[in-house]
Each structure stands twice: as C-alpha cells, then as structure tokens.
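Both of the next two complexes hold chain A, though its partner changes from chain B to chain C.
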Partner chain A sequence: MLKYLFEPGFFSSGPVHTAVGVGAVVAITSAVVGVFTVTRGQSFAGHSLSDIATTGGSAAFLAGVNQFWGYLAFGAGAAAFMEMTGVQRRRGRDVATGVVLGSALGLAALFLYLGTLRSSTTGASFTILFGSVFVLTPSTVPALIASALLALAVALLLARMLLLSSLSPDIAAARGVPVRAVGAAYLMALGVSVALSAMVIGAVLSTALLIGPAATALRVTKGPVRAVAVAAAIGVAATWLGIVLAYDSYYWPPARHGWPVSFFVVTLIVGGYLLTYAHPRWRRPARRDEPDPEHACSPA
Partner chain B sequence: MFTGLMLNTWITATAVAVIAGVTGFFAVLRGSSFAAHAIPNGAFAGAAGASLLGLNPFAGLAAFSVAGALGIAGLGRRARHDVATALTFVMMLGLGALFVSWSTEYAQQAYSLLFGEVFGVAADEVLPIVALGAASIAAIAVMFRPLMLSSALPEVAEARGVSARRMELAFLLVMALATSMTVPVVGALLMFSLMIGPAAAARSVTARPLAAIGLAVGIALVTVWTGIVASYQTNWPLGFFVGVLGGVFFLFGRAYGAGRRRMAVRTAAA
Partner chain C sequence: MAELLRLDGVGVRLGGREILRDVSFTIAPGEFTGLIGPNGAGKTTLLRVILGLQPVATGAMLLNGSVGYVPQKLAIEPDTPLRVRDVVGLGLDGHKLGIRLPSRARRERVNEMLTAVGAQRYANARIGELSGGEQQRVMIAHALIARPRLLLLDEPLANLDIASVGGIVSVLARLARAEGTAVLISAHDMNPLVPVMDTIVYVASGRAAVGSTDQVVQPEVLSRLYGQHVDVLRVHGRILVVAAEETGAVPADAEHVTAAG
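Moving on, here comes the complex of A and B:
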C-alpha cells in the first residue's frame, strides 16, 4: 500500500528532505499569520505583499545583490507604504493596497524587461510567480527560518491586542491599545513572512497557504487558539501531501516531467475549504457586513 | 508615431482606457480591487489551457474570467469577500501552473499575457476590443442606477428590492467581459493598474459619481497616452509607465483632496 503512495526514492532524496522541512516551516508561519490576516480582512494585502516581494527579487537580480535582500526590502517597504497610504481604515484599505500593488507591478515590468536585456531569461517571470519547493538553494534556509520565527514572534506577542483591535477598533482604543502601531507592526510581520515564503514557494502558493488553511480553520473552530492550531495542521498536511503527489506525478501523463507542486497544494487547500460547506454543522452562512469572519472569533 | 501598427495601438489603448476608467470607478467604489486584480491575472491560466487544447486563447480567457467571476460571487455569498477572491484566484493560478507545465513552451507567452503586447496589435484585434468595450460600457449604463445604489448604500438598495448579490455577480461578469478581450493586448498587469489608479485618484477629488467617472476616464487616457509616448521613446515597457503614473496620480488626488478638506475647515472656522 505504502509502496504505491510513495514512489521509490522519496525518502532518500535530498531536495525532498529540504522541501518537506521548509514546506512545514512556511506552512506553520503562514497559518498563524493567516488567522490574523483573515480575521482582519487583509487577504488582499497579504497577496499583494507576496507579489510586490517578487518585484524586489527581480530588482535584486538586476542590482547583482542576493535576492533574499530584495525580497525582504520590498516586502517590508511595501507594508510600510500601505500603512502610510491608509490601509488602517477599512474603507480605504483595499484601494491603498491596490494602488501600491499596481505601482509595484509596473516596476516589476521594468525590472523584468531590463533583466531580459541583460540575459536571456524569459522564464524568470514565470519562476518568480510560481516558484518551486524542489529547487531551493540550501543557503537561504537558515535565513528563511529566522524570518519565519520573527514573524511568528510578532504575531504571538501581539495576538491579544491584534484580535481586539481587529474585532472592534473602538473598544481596543478605549482600553488603551495603540491600534495604529499594532496594525503597523503586524503588517510589517506579514510583509516579512510573505516575502520569504514567496521567495521559496512562489507568490501563488504563498497566498494559498496564508489564506486557505486559516479561512478553513476559522469556519470549523471556535476561538483563536484552536483556529491557529487547526490552520497550522491543515497547512502542513496540504503541503506534505502536495509534495508527495508532485513527486509521484513524475511519470504521469502527458508531459512525464512532474506536475507542479503548487497545483497540488492549491487544489488540496481549496478542496478542504469547500468541504466545510458540505458538513451541515459548519454551513452557517456568514453575513458580509459582520466585522468578524465566518464564526465569531472572540478574543479568549 | 501615428502610422500603421501604431495607429492600432492608439485606438486600442484609448478603448481600453475608457473601459478601465468606467469599470474601475465601480471597482474602487465597491471595494473590489482584489477582484479587479484576480480576474485578469487568473484569466491568463485560461489562455494557457486553450493553447494546450489547440483552441483560440480568447476562448480560454473568456471561460476563465467568467468562471472566476462566478467563483468569487458564489463563494462570496457565504464567506468573506476577500477570502473568496483569494481562494478563487489561487485555484485559477494553480491550474495555470499545471497547464503551463504541460505545454513547456508557454513561458514566453505568459510574460506577454502578464505585461502585454500593446505595440503589436493586429488590425483584426482592434474591432473586437472596441466592440467589447462598447458592450461593457452599455451594460454598465443600463444598470447604472441600481449598481450605483447597491455600491454606495447596500442596505437601502436591498430595501428597494435591488439584490446586492445579483448586482455583485452582474458587475463581476462585466469586469470579466472587459478583461477577456483586453488582457492579451495590454496585459493583466496594465488592466489592473488602469482600473484602480485613475479611479482612486478621481474619487478623492470629487464625490459626484458622473464627474468621478469622467475624471477617471480622463486620467486613464492621459496615463495611457503618456505611457505610449514614453514607451515609444525609451523602449521601456508600457506597463511600467502606466503602473507608476497610476500611483503618482493617486498621490496627487489624495493631496488635492486633503488640501481641499483643510481649506473647508479653515473657511468654516473663519
């Protein structure tokens, strides 16, 4: 049975070991940060930051600097810029994010164009968008883990204040929570974690791991602590299963060179989310104008 | 600069700017910037799928952008809107990654779909784009009042019998329609920048809807035309100029709006 699930060589392959380890780190960080992202209604910002970070990657490529710094600088810089242009207000948030994203994508067009002038890497835009866990450079792994820990630490330290200020900014302000500073710190943490995960697994998968597990967990659990735990479990399970399937798919038709990992992971995550609609107990419709997501995620 | 192929470019870019200005106004008003980003970007997966099956890429783009609109509207009924958009979007891109990995020689086309080929518009592409633009603007004109009401005051609209859900679906479908034809020409990136930047700038200058739509179209036209001239001179991609100009106009609009508010406060105090 196991022989059919795991193709020969799965457990002895070096790239697979790295992919499994790094995938788990990214999935857990994304899930924890994602619960706050979904609660605060900042999915668009979360996705945009990963797209913008990839712009930083191409900028670093042009400047001849290590890509790592490009991703990090653009992710954190864009978060700061969004904060300044009004992401903290619910009404202006989506537009501010959109404008920052639009400008950054413009820069990406330029950097990629200048990059193709210098070397003939037409596939660069594609790799940057989709990435792959199987082609990690081992030297970035420690930096990735460090930044993941940083983002996790910020999210957990601010957890109570973040939840309160997400659910009711007025009550939070009345209780002396520095709503704006907490929001800014959180957005920076989001920028760092998303930038790094975009560098490792691509912008698409980064968004999927940030939003999907957290949204699923918030539908099926009550209370933020359980939501975080469930989201992390879903994220890790989807990532590992996706890696196994991608490894198995090496001999699948039609191309016989493996299906992309991101396809499997995304499908598993979205499929899991859709499953929550099937179970009658979880099928409570959410009203859009409610400040909190699917189920009230009250600060415990 | 105004001959042959370039003439096609000017006509197409003008049509696209008008479409983007009008749909963008509603996208900004309704807070659907994420959908405006997700539908054009995700639709590119459809083009990849169509080329795999040997179909016309337009068919794939249309199918995927409509599927994206339906997915966002369908999931958005039960879940939060941004979550629904994000999940629909990653699913479309995941499929795109799969299609691209099957077809192997697609990476180059992917670049042009994301960033556009506005200087290579063929003569037979101009008419469909202009027609489609006219169709989407006509659709918005027909449902202007209910759409406006449900965007600005959803509760009042519901009370008057305008279903917010149906309006959302109708608007997303118009956006999908506008997208499917314009993406191969101007690129998913440019379409998004043109929808959000000018409309956001216009909104912070005036609150009256028709004036804001007019201004959004005007800013989008200036952005595109300046972009084409600059891109023609420097050979840099058009997407760069459009993206950056959109951001600059937004900042100007915000500064103007803030300045006027301050003036109003001062006159009220005096």
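Moving on, here comes the complex of A and C:
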C-alpha cells in the first residue's frame, strides 16, 4: 500500500525534505492564527491581505528579490494600514476595499509581466500566484521558520485576551486588556501568516490554508484548545498529503509534468470541510432549534 | 461600613450632548442597588463610567475594589469556539497573557460557579447556541468567579420571560448575600427588583434620584426628575410610573409603563 503512495525517491529528495518541514510549520501557524481569524470574523481581512501580498510577491520578483520578502512587507504593511485606518470597523468598507484589492491585483499583473520580460523566467508568475513548496530557496528557510514561530508565539501569547475580546470587547477593556493593541498585534500575525501560506500554496490561494482548516475544526469541536489542535492537524495532514500526491503526479498524465501541489492541498482542505456536512453529528444547526423552556414564552 | 463606590456630582457629555448631570450616590459592600429608568436615560453610560470606559466631564468617582461586569447582550456567533465552561474560566484569567495548563482547582471552581447559577446542564454547550436567559446566567458566573466586590449588570432582565427573570433575580440576590458582593443592576422595569433592592438610583432626563424605593418612587420626586407631572400607581403589588399628559417627553415613559405593566 505505502509502496503505491510513495513513489521512488520521495524520501531521499532534498526539496521534498524542505517542503515537508516548512509545509508543516507553515500549516500549523496558519491553522492556529486561522482559528482566531474565523472567530473574530476577519476572514475577509485575511483574504484582502492575501491579494495585497500577491502584489508584494510580484514586486519582489520584478526587483529580483525572493518573493517571501515581498509577501511579508506587503502583508504586514497592509495589516498595519488596516489597523491604522480602522478599515475593519468602518461601515460601507466593502466598496472601498474592493477597489483597493482590484488595483492591487492589477499592479501584480503589471509587475509579473514586466518581471517576465526582464528575466524570461517561465513559471515564476505561476509560483508567485499559486505557489510551489518544492522550489523554496534554501536560504529563505530560516527566515520562514523564524517568521512562523513569531506569528505562532503572538497568537498563543494573546490567545486568552483575543477570546475574551471576542466574548465582549467591553468586558476585556474593563479588565485592563488593551483591546486595540491586542487586535493590532494579532492583525500583524495574520499578515505574517498570509505571507507564509503564500510561499507554500501561492499568494492567491493563501487564504485556503488560513481559513479552511480553522473553519473545519470549528465545525467538529466545541472548545478553543481542541479547535486549535484539530485545525493544526488538518492543516499539516492536507499539506503533507498534498506534497505526496504532487510528487506522485509526476508519473501521472501528462507524463513527466507534476501537478501543482497547491491544487492538492486546497482540494484536500475543501474536501475535509465538505465532509463535516456529511456526518450527522457535525451537521448541527446554526442556532439551537428545539424550543427552550426559558425562551419559549419570552415577550417580543 | 466603608463605602465601595462613591459618585460625586458626575456629569457626562457625549458628542456635545449632556447625557448625565450631577449624579451622586454611594454603594456599600454587599448592598443591592437598582439603577432604574426608561430606555435612553443614561443607565448604560453610568455603568461605563464606573467601569472606567467612559470619562466624566464633571464630578468624581471613587471605587474601592474590583468590579465584575455583565453586558446587556453578547454579539457572539454560534461558531465561536467557547463552551460555557470556557467562558466562565475566562472570568478568572481572560485578561492574562499566554496559555495556561489545565488544573483541577480551576475546573472545580468553574463547576462550582456553574452550579451556583444553575448552568451546569449546558456546561459543555457553546455559548453562542444558548438562549438569552441561559447566556445571562453564564455571564453572571463569568463575572463572579473572580470574586469582585461590586457586580455591574446592564439590563440583564430585558427580553427574558417571567420565569427567567425570577430565576436570575433570585440567583443574584443569593450570590450577593453569600459572597458579600455588592450589586448594581440596571433595568427599565423596577418591579422584579423591588423585593431585593436596598437602594434605588432612578435616572431620568439625565439626572438621578437616590434612596429607598419608598422614598424615591413618589409622584413628587419623579415629577421633579422627569420635569413633568407623573403619577405612581400601585396595582396588584406592582408599581407603574405613568405620565399624566401626552407630551414630547412621553415616548420613553410610555415604553417604561408598557414594560412595567
């Protein structure tokens, strides 16, 4: 069985070792940060950051720098901008955000086009948009790991404050939690996570690794500790299985051309999410639907 | 007894509008105080002043002890990963950095609080899946687990059915007495609180009248507060505050009367 799953050379390949290691660290970070992203209702912020990170990665490519620095600078920069302008809190932000994100992707198209003209590197555009964990530059690996640990540390350090703020910002503030600063620090961790996911599955798809495992975990667990653990497990499983399948796909048609690893990772994540709707125990209603004695005769 | 809370001539302005003027009262340890008044009278603002979330324009506030707070309504999604026991636990250490290791003492303290408010039946349900009355009980446990000297509750009885109102008032009265916690509870309907209130702070038109229910809920006192003539009716043991004539100030009053009746 295992012989069929792991094609020859999988365990001896250097790029595979790097992909498996970095993939796991990034998947865990994204999943943990993602649980708070979904809980705080900031999935859209995560998506916005990934669009802007795309521009960053493209700009880095044009400038001849590793795209991670572009993702990181633009992702974290956009997070800081969002916090300062309070775009998260303002009503009617959808239109303004939509216009900004549209122009960000337009810029990305320009940078990628110009970059390709200059360096004639085929596949670079693809790597930036859709990622490839197999072509990580070894010299960036320490920076990737360090950023991941930093984002993870921020999320875990602020975990209880973030949960209390989700419950009630007023209670948190009254108990001395600097709600605004905690939100800002968390948004920076989100920006870093988006940059890391972009390296593994591409800037355009990075939200999938961030939101998918977290959303799935929130459907099958109840408490915060389990949600974080299950999200991390799903993220790592999808990333590793995606790497194995992408390696195997080298022997699939069209022969000698592997399928993109991002395709497998995202498909596995979405598949896992859809599975939660299949199991009756997890198919719980959004609100409790049996009449509740305390609720039944409440006046309007 | 040394007082726990003292408000001295507190005034609050929001966006250039005067919300509260010259509000003064004190709360002693273990005292049960009702903050009564029509919707929009400034009750929530007054609670926010005590919590330190709202600066005062005039006057001073002195607080000698820790405060627990139960907000009016949780705006929480059903998929928020917080079980009832997690919420109560956050009352102990939700303001702290880092993560904590599970401890037996902590789990027992959480269970004790859940039993005290009658919420142990749904201890493992998510907070977002509960009814309003159930959430109130959980939030009372969340607020009391850190053993505050003063518990503030913002309209905890609004939108509850009669059975839940009675249940929550008796839980509060019992816990306040058992732990010596002072309670300041806001409500637009004073009736469920009359049997347990030591003091009433009646807020209307931005000002407050303070004393026992019998002292404050009098036509002369409330007419002066509202700036128009109001009657106080006692029907079947319930108190109704009724505006004598239909004037511009009536809508808030009218709602008050509906709620009370």
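Please note the rule applied: the second predicted complex is superposed on the first by the 234 of 300 C-alpha atoms of A that agree within 3 Å, B and C clash if a C-alpha of one lies under 4 Å from a C-alpha of the other, contacts with A are read in each partner's own complex, and residues count from 1 in each chain.
Please note the rule applied: contacts are C-beta pairs under 8 Å (C-beta built on N, C-alpha and C of every residue); 3 or more make two chains touch, one makes a residue touch a chain.
The structure presented is a predicted model; accordingly, all values stated were derived computationally and were not measured.
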- chain A residues touched - chain C or chain B, whichever exceeds: B
- Task: With the two complexes superposed on chain A, say which partner A:Tyr277 touches: chain B (first), chain C (second), both, or neither.
- Result: first
- Between chain B (first) and chain C (second), which does A:Val266 come into contact with in this model arrangement: first, second, both, or neither? first
- Task: Determine, under the contact definition given at the top, whether A:Ile211 touches first (chain B), second (chain C), both, or neither.
- Result: first
- Does chain B (first) or chain C (second) touch A:Val35, or do both, or does neither? second
- Message: Looking at A:Ala174, would you say it contacts chain B, chain C, both, or neither? Reply first, second, both or neither.
- Response: second
- Contacts on chain A seen with chain B and repeated with chain C across the two complexes: 38, 41, 219, 286, 288, 293-294
- Message: List the residues on chain A that touch chain C in their complex, please.
- Response: 35, 38-39, 41, 156-161, 163-164, 166-168, 170-177, 218-219, 221-224, 226-227, 286-288, 292-299
- Listed in rising order, the residues of chain C that touch chain A in the complex are 48, 51-53, 67, 69, 71, 74, 76-83, 85-87, 90, 93-100, 124-127, 129-134, 142, 159-164, 167
- Item | Touching residues (chain side chain B, partner chain A) in the complex | 28, 31-34, 36-37, 76-83, 85-87, 89-91, 93-95, 97-98, 100-102, 104, 107-108, 110-111, 114-115, 154, 189, 192-193, 196-197, 200, 203, 236-244, 246-247, 250, 254
- In their complex, what parts of chain A are in touch with chain B? 38, 41-44, 46-48, 85, 91, 94-95, 97-110, 112-113, 122-123, 125-126, 129-130, 204-205, 207-208, 211-212, 215, 219, 254-255, 257-260, 262-263, 265-267, 269-270, 273, 277, 285-286, 288-289, 293-294
